[in-house]
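Handing you this structure, nothing more for now.
Every chain is named by a letter (A, B, C, D and E) in the order it is written, and numbering of its residues begins at 1.
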Amino acid sequence: MNLNLLHISVFANFLAFVVIVFLPKTWVKRSVTVAVSFAGIGALASTILLFRQFSAPAPIEWVIPWLKWNSAQVNVGYYLDTLALVMLTSVCVISFLIQLYSVWYMNEDPAKKRFFGTITFFTWAMISFVVSVNLFASYLFWELIGLASYLLIGFWHEKASARAAAIKAFVMTRFGDLGFMAAVILLIIQVHNTDISFLITQAGSQLGQTQLLIIVGLIFLGVMGKSAQFPLYTWLPDAMEGPTPVSALIHSATMVAAGVFLLVRLFPLIELSSAGMHYICFIGGLSSLLTAILALLERDMKRILAYSTCSQLGFMVMAVGAGTWSGGMFHLLTHAFFKSMLFLLSGYFIFASHHSNDIFDMAKVPLKDKSKLMLALLWIGALALAGLFPLSGFMSKENIFGYLLEHHHYGIYSVALTISFLTAYYTSRMAFVVSRDGHHQMEHHTISKGLNIALRVPVTVLGLVTVAGVWVFFPWLKEFFQLHLELNREFWLNFGITTTVVLTGIGIAYLYFGRKTFSEKGWVGFVPGLDFLIAKKFYLDIFWNAVMQKGVYGLAKAGFWSEAHIVNAAVNNVGYACVRGGKAVTKLQAGEVQRYIVIAVLVIVAVVLYLTFRG
Amino acid sequence: MPLSIGDLIFVCFVGITFAGAIMAVSLKNIFHNALSLALTLLGTAGIFVFLHCEFLGLMQILIYAGAISIAIIFAVMLSPPLSLKPKKRSVTKVLVSLSVSTLTFVTLAYIFIRTPWPISANADAGDFSATHIGEILISRYAFAFELISIVLLVAILGALVIAHEEPGDRRLDPEISLEDERWAS
Amino acid sequence: MWFYAIETILTVAAIFFFASSLRRDLNVEALEKFASVCGAVVLASAVLSFGFRGIFFAGTYEMDAFSQFVKLILALGYFIALLISRNIHDIEGKYRPEYFLFLTTATLGMTVLVSAKDLITLYTGLELSSYSLYLLIPMRKHDNASIEAAIKYLIIGIASTGVMIYGFSLLFGLTQTTYLNEIAAKLPGLIHLHVFWVAFFLSVVAFLFKLSLFPLHAWAPDVYEGGNAQTVGFISTVSKVAGLAVFIRFVMMAGHDNRVLEGVWISLAIASMTLGNLSALIQGDMKRLLAYSSIAQAGYLLVGVLCLNDKGLSAAMFYAAVYVVMNFAAFFVVTQISEGGKNVSISQFRGLSSRSPLLALVLMLALFSLAGVPPLAGFTGKWFLFTAAVSSGFKVVAMIAIINSVISLYYYLVIIKEAYTSPDQGAYIQPLVLSPVSRLFCFAVILVLAVAGFFPGILMPLAAKSVSMFFG
Amino acid sequence: MIYNQLTPYLLVSAVLFCAGLYGIIERRSLIGILIAAELILNAANINFLAFGRFMDVDKAIGQIYAIFVIGLAAAEVAVGLSIVIMIHRKFKSINVEKLVKLKG
Amino acid sequence: MKFPILTTILLAPITAMILIMLVKETQTKLIKTLALVGSGISFVLSAYLVCTFDFQHPSFQWTEQFFTVPGWGIQFLLAVDGLSIPLLLLTSIIMVSGVLVTQRLTFRVKEYFALLLFLVSGAYGVLLSMDMFFFFLFYEVAVIPMFLLVNVWGSGNKVYAANKLTLYLLAGSALVLFGFFILYFKSGLYSFDLKALLDGNIHFDAGTQKWLFILFLIGFGTLAATWPFHSWSPDGYASAPTAASMLHAAVLKTLGAYGILRVAIPLFPEGAKYWQPLMLALGTINILYAAFCVIAQKDLKYIVGYSCVSHMGVVMLGIGTLTQTGFNGAMFQMFSHGIMVALLFACVGYVYDTKHTRNIEELGGLFKEMPRLSIFFILAGLTALGLPGLSGFVAEFLVIYSTYTVSPIYGTLALAGLVLSAIYILRVVKRAFWGVPAGVVSVGKGHGHDQGPILAGEDLNWSMSIPNYLLFSFLLVLGIYPKLFTDFVMQTTALLLKGF
């Protein structure tokens, strides 16, 4: 029964994809219905599965052999323990909600069919990645996730920026993916088995410390790509070129979540390499900090959210690197819900401000033209992101802080605090600005009733989860994630510190943006050089552009040149040499018969001399 | 080594032959060349006699010195402006030809002198007579003898066909003159 | 008397042509038809007398397996030559009997050449064929090139024959006989003498000339360009095969375990192949190109001969046999394309496939076969040649030959490209109508080239049998 | 007794041979070339007869060789001359150096 | 006597060719039907062979022998094993789709199909022949028709391309030819029987092995477009008509690699070991160099051509590992790459015939204009960049995996090739397929005669996309369930290593 439910949750989206592919071109509406209803079935099945399977003693395993060669075998199938289960459910549910939302958002897009086809495919790939039995199979779906995100980011391919962003996303993540692939290959070579259950239990003991470090490093390279870690995060802000639901999906439960999930999934293996852990922690913290800084001056709402995603992902990675898989994972879960909600809301506000992403344009829209519900949810989401009690974000962050304190990682703790402060500042900056009452008169958009549901239901559900979800499921979560939320002295100390930091952040944001007059840059303008660095995006985009332009395209041009001037020239010259030889030889054939005879006689005499004087 | 009379005569014939040969290839006038060739052939006939081949010597004079030379002279006569206006020799060509033929001669002479020829002890004992030649010719070499008649037939007929003057040939069409580059189509 | 089938029939044919040359009211068409029939009869007699063996005229003339096989090839070439000698535009009708006569006597001379076991007979046969060919070239009317070609041919010919007869005289001095068998018998006492090898080499110079091998190749391009296509086709195939046959006889007379001249043959083969192929690369006239190609082909043949074993010789004979067909086929296409018997430049092949697909196909197959492209006879022949060369230890020669055949492919490809490229837009395409006999000939060529290429098992045993007599 | 030795004859023939060779490659006149070719054949003839005399061989054979050479030389000259005459008729010249249209 | 199925596979296209030559030029329908029937028969029979093939049995099956040349060790011997049978299927698939793709041809139809059938019969012959004479015979038969196909039906700089392609390949094959003669001689068998040679446990001494191996490597490698002997391939394909490019890129290149696996590896194990570093290096250079070259290209056909070269590098790398997995991967790549590149060429050919340009800077928005075609192109492109779920990934994984077992450095470099392939494929998709349709279509001067005029912007219709579906289905099926394929070659590739 549980296996069947699992089948349903995994293949519901896939089925939708297949059906949509084979639907005739003109059946656009029906394809939307198919997608949403199948996703709904999947979400339902996974939720039921969550309740039935959560406390089950043994994971579901279901295996079919896929590829075999002399030294190893690769299987595909399910390995569903609680970790995967939780992830599965959240992916299914969030994806369903986002698809529902897309019914509104994509209503007028002619290419809806393609959109829903791809998004169901995307969801399926992510789900399959999550439940995959084998690391190799995980890799397969990992790549498919990349493909789907590529197709979705480039969905509006008429825009040059969308095309560029899609390629950037795919190539940069692929760069990381190859690390993953190399890791898989090395694992196969070293331990001949890449089953997840094997890797997290026995593989570590069969590997030396160096091998382990290499493998962990390579896996983390994949994570850096997918989860947008320094220095590969630059694709993520650009990925905002896709439709907003896509951003919501990519930034919450799929794509970027895959990286962190992979880290958590393999945590027992990764944990064994302390150097690897340090490295992961460092990279996570660095990315988190840098992207948080980048968000400080951003005006594009979606990009702010994107940077915040990077930052939060870095935060999770840092937590995992610091040694708490549960901290990372739990934050991933809570973050998935409120971040997807924020993105969906951004879709609404962009719509409300006549398709401008700029928060200061949104500020110009009169308050009465903004839905109160949406504003409320925006604040909920923003504060959850900032980590304010009692929202889900608070809980998951507090968990991490608690762990850090408990294990005396004070350095990391302080970095985390800084990030927390920055997060609180820029999220509330965004919320303050968006919820301003503007005076620009704009004609009011009306949203038809059916669509209204599609718009409101998903965000409301996500909002509810953000507010109440963790509290409802608290006992389960606490048990499973071993949350560091004992109400002891340290907890209160921690609570005090973090709340102070968050409130300070919000307060500063209020000072600059909450009142009647506001400055665009806020306090950042006072820090010398910071705005410059932000404007240059820490030179990272420039660096990667240079790698692309100077490196790859430079080499391409070099290849082109050598092709023309070395390889082809060599071949052509052989031909020319033959022709030249022909011309030279025919000089002997000058038409004078006596010359012919002289040549012949000379050769004959030479032969005669040879015959006379040989040996 | 003292020279006998025979030697002297032999040397005379050789001298005639050489002189004729050299004149035949070096004089500029074709007519003189042809005459020199006849001289050479005469000299050669004399040498043949020294080789006990009187019959061949006769044949040489009859066929060669007679028929061939006359045929050549005939050709010379037939073609009025045939005698080229003596042009200057190309020095390069003479040098090249001279060195090539000298090289050849040196090579041949070296070989001939170095070779231990299997000379028979009683060299002059055999039957050199024309009768014997005739016997062998129509027995052993009968087939070749028959064949040579076909060769001669072909040669004569061919000469007739090729040298036959077409009515229109005299009028030389300037388009197909030697200077025209196009006739090689 | 029918032992001499081919020779007799050729002589009778010669007499007939001679008689018809005396007639004033000549029906050229009837004569051409008769000539074709005559060729067929000669071919048939060659087939019938294939198995005949015998020694005649006091040992000067012998029909053995080798000579009969070669005569079969010669008769085939003769037949093809007469078959394609219809509607010759560049030889006047009134000279047609002489044309056929000289072709016939040339063939007769060659049959004598391959059967002669005596140097005098051989010399006579050689001269008979040579003179006939010298006379054929200038018969092309109104074309000064043909006369120039003829005199060049003649001069080089008589020079090489002179060298040969000088060599014969030395051979005579050393062996005191004119019989090939007796010369062979006396060899053991002579092979240590340098002068013997000199004499031997000088003796084969005229055959190198017939084969158009380096260094006596130089007449070929000029003669091919100057002569009319049928004659030149005949010279490049039949005459070459005869030269090859007598060359093989000479070389085998010196013994198959004797490697004194090996280095010479190798050098000549390599020089011929390379020179021929490189020169052909830059040619514009089709016949001239074929001349250079035939020089190269002679080089390939020599590769087979220099192995001096049954493999090499049978490969050479196989190749010679298919060479006759493919080279004649190429010349046949030239005769069909040429306008009024004029020379054909390569650009004139353009659009041939639209004018006559069959002819284009024949051209392509013939040229590919010459280039050694499978599955055609030329490929199989080369395969045998190179197999023989490698297994006799001549790896470098084989490699050079293979490289050469790649180079040669270029100029064949250029022609084929022209033939198959569509004519320029707006260009008037004159369809080429082939006579039924020509069509039949085309089909026969295609069949032969394909079958001999793919089923070498048919022809190869014959070739192998013909040379096996050299190896006891 | 020079004339009773083989080598002098051979040397004479070599001289004739080389003179002929020289003529063939040097002469401008086509008839000159034909004449030179005759010298080569004569050189061979001297050889045949000399070998015929000095070697242990049927004395007729060398002579028969020579007879054939003479006979064929006659045919050769006939053929050659006919072509030369034709050349003269067409080109008004028998200079071999002018016959260089066929080349390349 | 059992039905001579292999001979029938070989004879079907030849018979069709002869029949076509006898048909009148104007009966194009009949000609096309004949071509389809001829290639269809081979397809059905090879599919039948695949189904009935006993893949547990490593050595030759279905042996057929007909005639011999006494004294020369030549015989007409046909047989298949695990190496040849997948490629046989590949050939027939490509041929059928090639014929289907060319249904609109109106220019010199008769000759076109005759040549195409001739070419494919050569390919069959190479795969089936177990005698070096016939192997080589068919090898060149497969190479030669391309010359006319490019010259007559090609486009662009076709004369140069045709000459280069033909001469280059024949120069390469000259080495092979030479090698065969040496084998004939050195093996001591004095026979061209390849089967006997392979079964005979003949050991060549180390020195011989070394130079013979490199001879065959370069000889066959030229056909497999090994760097630096690859330059015929992009030029040739850019100029060739669609079906010819398909067949050539898919089948003929594969034959080069097949030759190495068939002849060089099992006969010269020590030579292979000696030259292994070279093979690895060449394979890697092939992958990277060609990938960089693609990035700089603008012509769609050049792009596909160079990517084809890059992918053949994977094959070479797989062979160079000298491991069973590597061989499996190489075989897998041959098959998958063949199908993929055929699909790519089919799409590009259609684009060119429709838009009369192949310059990606002049194209754009094809996805809007012809979505079905674009999807096929993109899917094939995704196979090219090694996307899991499509067959290209499995092949590249197997090869890279085995490369890692031999040399992690080359493995890593090969991995980098995957990034590059992503860059170039996506670049094409971005420039040519995405975006808004380019307004002005410039009609190129030397456009080919491959197909009749098509209205600008018309998408593939159902019947035209049948070959695309056919090809893609193989990419998908093998990508999803690769065991189907690897089971076939497993036993035979193990046998290849018996001398190691």
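We take it that a contact is a pair of C-beta atoms (placed from the backbone, for glycine too) under 8 Å apart; a residue touches a chain by one contact, two chains touch by 3 or more.
For clarity, every value in this text was computed on a predicted model and none was experimentally measured.
**Q** Can you give the shortest number of steps from chain B to chain C, where adjacent chains in the path must touch?
**A** 1
**Q** Centre-to-centre on C-alpha atoms, which chain is most distant from chain A?
**A** Greatest centre separation from chain A goes to chain B.
**Q** Identify the chain pair joined by the greatest number of C-beta pairs in contact.
**A** B-D
**Q** Select the chain whose centre, defined as the mean of its C-alpha atoms, is least distant from the mean of all protein C-alpha atoms.
**A** Minimum centroid-to-centroid distance belongs to E.
**Q** What whole-Å value do you get for the distance between chain B and chain E if each is reduced to the mean of its CA atoms?
**A** So the centroids are 68 Å from each other.
**Q** So, what's the distance in Å between the C-alpha centres of chain D and chain A?
**A** Taking the mean C-alpha position of each chain, the two centres sit 97 Å apart.
**Q** Centroid from C-alpha atoms only, then distance chain C to chain E, rounded to Å. What do you get?
**A** 41
**Q** Measure off the straight-line distance from the CA centroid of chain D to the CA centroid of chain E, and report it in whole Å.
**A** Comparing mean C-alpha positions, chain E is 65 Å from chain D.
**Q** Return the residues of chain D touching two or more other chains; collapse runs of consecutive numbers into ranges.
**A** 17, 20-21, 24-26, 34, 45, 50, 52, 55-57, 61-62, 64, 68, 72, 75-76, 79, 82-84, 86, 90-91, 96, 99, 101-104
**Q** Spell out, as numbers or ranges, the residues of chain E touching 2 or more other chains.
**A** 167
**Q** Mind pulling the residue numbers of chain C that touch at least two other chains?
**A** Chain C, residues with two or more chain partners: 120, 123-124, 127, 131, 134-135, 138, 144-145, 151-152, 155, 159, 163, 173, 176, 194-195, 198, 221-222, 225, 282, 410.
**Q** Can you name every chain pair that touches?
**A** Taking the chains two at a time, the touching pairs are A-B, A-C, A-D, A-E, B-C, B-D, C-D, C-E.
**Q** Which chain E residues qualify as touching chain A in the complex?
**A** Those in contact with chain A are residues 164, 167-168, 228, 230-232, 235, 289-290, 292-297, 324-325, 328, 365, 367, 382, 387-389, 393-394, 397-398, 400-401, 404-405, 411-412, 415-416, 418-420, 422-423, 426-427, 430, 434-436, 481-483, 486, 490, 494.
**Q** Quick one: which bits of chain C touch chain D in the complex? Just the residue numbers, please.
**A** 120, 123-124, 127, 131, 134-135, 138, 144-145, 147-152, 154-155, 158-159, 162-163, 165-166, 168-170, 172-173, 176-178, 221-222, 225-226, 282-283, 288
**Q** Inside the complex, what are the residues of chain B that reach chain C?
**A** 111-112, 114-118, 139-144, 147-148, 150-151, 153-155, 157-158, 161-162, 176, 178, 183-185
**Q** Enumerate the contact residues on chain C facing chain E in the complex.
**A** Listed in rising order, the residues are 311, 353, 357, 368, 373-375, 379, 383-384, 386-387, 389-391, 395, 398-399, 402-403, 405-406, 409-410, 413-414, 416-417, 420-422, 453-457, 460-461, 464.
**Q** Mind pulling up the chain D residues that touch chain B in the complex?
**A** 1-3, 6-12, 14-23, 25-29, 31-32, 34-36, 38-39, 42, 45-46, 49-50, 52-64, 66-68, 70-79, 81-86, 88-95, 98, 101-102
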